[in-house]
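Structures given as structure tokens follow.
One chain, chain A, links the two complexes that follow: it is found with chain B in the first and with chain C in the second.
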Partner chain A sequence: MRRYSRELSVAGAFALLLAVLAVFAPGFYQPQPLLSLATREAPTLVVACGMALVMISRQIDISVGSQFSVCGVCAGLLAAMHWPLAALLPAAVGLGALLGAVNGLLIAGLGLPSIVVTLAMMVTLRQGLNLVRQGKFVDLPENFQWFGLPQATGQWLLVGGALVCVLGLAAALRHLAAGRFVYAIGSDAEAARLAGLRPRLGTFGALVGLGALTGLAAVMNVVQSPQVQPLAGSGLELKVIAAAVVGGVAISGGRGNLWGVLAGVLLLATISPALTHLRVEAHWERAIQGAIVILAILADGAHRRWGKR
Partner chain B sequence: MSPPLLELRAITKSFGGAQALRGVDFDLAAGEVHALVGENGAGKSTLIRIIAGAHPPDGGTVALAGRAVDRFDPAAAHALGVACIYQQPALFPDLTVLENIGLRLESGSPWRRVDWAGRRVRADQLLARIGAHLDPDREVRLLSMPEQQLVEIACAVGAGARIVIMDEPTASLTRQEQDLLHGVVRDLRRQGIGVIYISHRLEEVLALADRVTVLRDGENVGTHPTGVMTETELIRLMVGREISPIPPVGTSFAGAVLLSLRHLGCAASGVHGVNLELRRGEILGLAGLVGAGRTELARVLFGLTPATSGEIVFDGERVALRSPSEAIARGIAYVPEDRRRHGLVLALPVEENITLAIHRRLFPGSWLRPTAERSLTLEYLRDLAVKCPDPAAPAGSLSGGNQQKISLARWLATRPRLLILDEPTQGVDVGAKSELHRMIRRLAGDGLAVLLISSDLPEVIGLCDRIGVMRGGTLAAVLSGKSDPHDVMAVALGQAGGAAA
Partner chain C sequence: MKPASRDWPALLLRHEMLLLYVLIAEWLFFYFAGTTVNRRGVIIGFGTLDRQFDILRHSCEIGLLALALTPVILTSGIDLSVGSILGFCAIFLGLLWRDCGLPLPLASACTLAIGVAAGGLNAALIAALRLPPLIVTLGTYSLFRGLAEAITRGAITYTDFPAGFLFLGQERWLGLPAQAWIFALVAIGVWLLVHRTTFGRSFRVIGYSPEGARFAGLPVDRRLALVYLLAGGVAALAAIIYTARLGQAKADAGLGYELFAITAVVLGGTSIFGGTGTVHGTLLGVAAIAVLKNGLACLPVVMRLNAAEELAGLLTGALLLLALAAGVLPRILPVRRIFRRPADATPPPPTPP
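Let's turn to the complex of A and B:
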């Protein structure tokens, strides 16, 4: 149990928030708004899982927001050309993986610092998209929204898909040798290399994986509305990094798991509607989210000083 | 007679359980060059760290110019005029010579106005005083190693140092650069500065120093004027001790040649022209000084810094070892030096560390099998007698000796044919050490070829069938396992007339 104490404490905080809401604002518990909230956050959860992978391997990618926008717009354009979902989804995932691979080549291949590479990537992709699209929205064909299904069914499908994604990735991280390599590389890349692992390949793989998940998430976002916003991904990088940090993923690598990330995403996503229901001014949302992140980092510091993992 | 500049009496110091210094006496007169020699781990570094104030001694007294100093820390040492020049100069590479000297010597508020003209005059004076022809406006990273040392010396002189400690200053210098540095040292002596000079080059020591002190196992085994000393006598003093008995566990059975190296070299790590044959069931020791290229050779064989010249024939086949995974696939295992840093992934559990190099074999299809992993781990823990209550605990929670065994277990689990051990018993207590020795002998008995890098001469001589001695990046000689330690040391130090096999 102690091994998961960090994740459990986040889950505990989330449970506490739910309890407070149950007592003071039972109006929060209405099925349809909750389902909508979960649907909105499903893409965030998918990207956050990828970000956790990258952070555990001791890198970071702040270009995910721009990747998300680019993949979303491209998926929208393909949809407007009446591509079927079965072709459109792999195309978007592939595009995301390709963008991740460019990051990966620069970071793992040339050994450049990931924060600089992905900062440049973030700006380049954002400005490139702006230049090409001039901020235009992409109108989607009829029957594309919610996969052409009734809204509730589509929403359940997205939420279920995101959860399957978390489950699958968590299982891979725990039960595949490759998952263990991610932790080894993030803890001590040189020791991993001396054990015959290939840290650079692992880093590359994590970045490509994050790109692919970002592409998937972009499609999950696109199907939610009749139009694609070109700025859909702005601010996403901060959101997912915050969720990962709150969920116990160490920014210094080698530590964290996806259950913590799930709890982190849920906690941060619930703050805003919770404030509305508790009749606190909405301005406080960002401040409270920031405070939670700082608390999480302080908790990690205390954790390390006590020498327990 | 005036009291000596520096006088140490009965200095003791231990780290953890290891006694680094056992009652060392040492003194230094003004205007004297006093050399300090000894094998790796004899306590030279510890002694100079104490003089520089970096470590407080556990016992004994330090007196400067006849006055006892009780609290000695780096700031106090600096104030009392002790300056230390390390092999790797500690300068700011992106600043100029002028700025480096200024930073070191000027004091005052961070908001003071920098007196550039004054700074320049002072730097010019200092550089002239030690006879250095350097452009003060050059960035330090553009300077050669000896030029950087000159800047350090200028700073030391400028700070009014009365005692200058030089730790192997000539280790990486060419002949001319050495001569230049020796001239500077003689100048310092003329100016009444006391110089403590550490070097492995005995001929240099005899030519330059006035007196020489030999340290062995943390004791001063003799301080002599260099006039009456010879290189042979110095080596005798350095090695001196009776070889502590390592029971020759079993005898070697040398099988077919497993590894043969021809003119092997690696430009990046300075290894060159290595010729060597290693047979199955044989333990080959690699002796030599720190920096002689032993670890570098091991890293070439493990594919960490691939060879750039010569050839490696492994098991009758010419191989190019370009990465550790390739070397592992061939059956080469490398237990690195300094396990605390990179031998194990300390944050991962013990069992994951043990299986880290054998995923392909243990987990076909990449799906982890915790039961198989646990039973393999328990087998090795039992086999190597590791004290580890919980295989799921992080490897970092174990003691040094047990970590070393975990590192060994990982590599034995790869079922290697060539096992390279780099200082396997460094920092390991006596009991664990003899246990490791028996284990190594047993492995060789099972037909494993072992390459044992060790600075512990009795260990090398007691355990190995043959001893390769490295010097300056190449294999200088291969001696028989029953060699005299003096001969091994003579080859390692490059003394002409040392025995050859």
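Let's turn to the complex of A and C:
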């Protein structure tokens, strides 16, 4: 119980928000809008899991938003060329992994700081996409939306897929040697090296994994609408980092788990519709997200400084 | 960090000098490729004096942010929130002036105070609670931009500033754009602080080794707090100049400026790991980016594509990656060693003869 106190407190905050909504805005609880909300946030959840992986290994990647846009547009272009989904999905995931590998080479290979590398990557990819596409939308073929299934089935499929993704990754992080490896290099890279692990390879792997998950998430986003927006990923990096930090993943590495990330994504995703239902102006969303991130790290910092006896 | 003797070849090959050569080459390239004569025989494009003043004007805000970031990065910190503080302060200036009816000088002074207070939030979290600067300023990056959006409800634009205020951003004083004088003043101030005071030298000591600095008796937390306060104040000053130049304040003021500022600092030879770097290097970095941004807009090819903004962003990002890689490549080549096993890292035992 104590071990999961951080995750439980986030879950508690989420439950509190749900309770407030139940009392003051019961209109929030309607199955169809809730399912739509969950579907919209499913890609965010997948990227947030990858981000948690990278943050646990003590790196960060703020280029995921641009990677998401690039993968989405490329997937859309392939779909417009009538590629089947079975070929399109691996292609998008592979492209994401490739972009992650570029980051990984610069960060793990050259030992450059991840924040600056990915900052440069974010702008390079985003502006490169703007330059090539000039902000044009990609029109998708008729039967591509929701995989050609009825809408509700497609939505359940996406939400289920995201949850399976979280479950699988959480189990892998907890029980597989590779998962423990990520924690080991995050909490002390030098000790991990002396124990015979290869920290740089681990960092590289985490970044590639994040890229692949971002590619997957981009496809999950593309199938939701009849067009691909080139700016779909802008701001995504902050959203997923915020979700991970709120969920108890330490930016200094080695701590956190995906259950916390799941709770963090749910909490942050509920804020925007909650604001509408509680009649607060939607323009406060970003400020409130920032404040929640600061509160979360404040709690971590206070806990570290004064909580340990 | 002067060279011990006047060793001219070494002096000519230092990072700042190399950057200066690049800057000159870049300027000459745009001068010859970006200057054209229109049908009435008037010179237009990059080679005109007006364009040069434009470059100076545009570089002032990013230059101020880069100057503020130099001490921050010297202490091996980072401040991603400067662009957001700029936007927040610009909105606040408009709010105080138009909605609260304060006279502009007083409103500007209050804006500076707000900027310092915004930096103070960073400082309190980073220095007092010892939280990592990266995530703290990522949080305040959202927070301040979000506050600016909340105040304006995403729609209000403050305009119709009086001519006396716009003079600061649009007119010339003593031959140069008015804001260039402020920029020069701040640049000299920061240069003196970093290079000529023991106070400023402690930034590098902290960046090089915070533990060592603490053991040497330096008040590390107070110095760190000061660096972030300074960044907030300078960002507010940049906000005032930005508003005066454009004659309007919107919630998206200074969006993405932090990238250009960080690029200028790193390009100028300041190590992102902290500990080494110079203010004049940062100034050269700012100039290189400003010339690139404006020069690209003058090239006929780019004008036809109407993609100056995108291309400038793309090249800046690539430039930053190159500058970073150039800093470490000599140390780690050959590349073969990158993914070696830890067991290989230990030298083989000496073979008996």
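Going forward, the second predicted complex is superposed on the first by the 305 of 309 C-alpha atoms of A that agree within 3 Å, B and C clash if a C-alpha of one lies under 4 Å from a C-alpha of the other, contacts with A are read in each partner's own complex, and residues count from 1 in each chain.
We adopt the following convention: a contact is a pair of C-beta atoms (placed from the backbone, for glycine too) under 8 Å apart; a residue touches a chain by one contact, two chains touch by 3 or more.
Please read all numbers here as calculations on a predicted model, not as lab measurements.
Touch criterion not met for A:Leu34: it reaches neither chain B nor chain C.
Of the two partners, chain B and chain C, it is C that touches more residues of chain A.
Using the contact criterion defined above for the overlaid structures, shared-chain residue A:Arg198 touches chain B and also reaches chain C.
In the superposed pair of complexes, A:Ile297 makes contact with chain C only, with no contact to chain B. With both structures placed on the common chain, the touch criterion links A:Leu167 to neither chain B nor chain C. In the superposed model, A:Leu16 makes contact with neither chain B nor chain C.
Contact with chain B, but none with chain C, is seen for A:Asp188 once the two complexes are overlaid on the shared chain. By the touch criterion defined above, A:Arg255 lies against chain B but remains apart from chain C after alignment on the C-alpha atoms of chain A.
In the superposition on chain A, contact of A:Ala287 is made with chain C only, not with chain B. Overlaid on A, the two complexes show chain B and chain C touching the same residues of chain A, namely 193-194, 196-198. Residues 304, 323-325, 327-328, 334, 336, 341-348, 352, 356-357, 359, 363, 366-368, 394, 410 of chain B are the ones that touch chain A when the two sit in their complex.
Residue ranges of chain C in contact with chain A, taken from their complex: 78, 125, 129-132, 134-136, 138-147, 149-150, 152-154, 256, 259, 262-263, 266, 272-273, 307, 309-314, 316-318, 320-321, 324-325, 328-329, 332, 335, 338-339, 341-343. Residues of chain A that touch chain B in their complex: 174-178, 180, 183-184, 187-188, 190-198, 254-255, 309. Against chain C, in their complex, chain A makes its touches with residues 60, 106, 108-113, 115-117, 119-124, 126-128, 130-131, 134, 193-194, 196-198, 200-201, 204, 238, 241-242, 245, 251-252, 281, 283-291, 293-294, 297-298, 300-302, 305.
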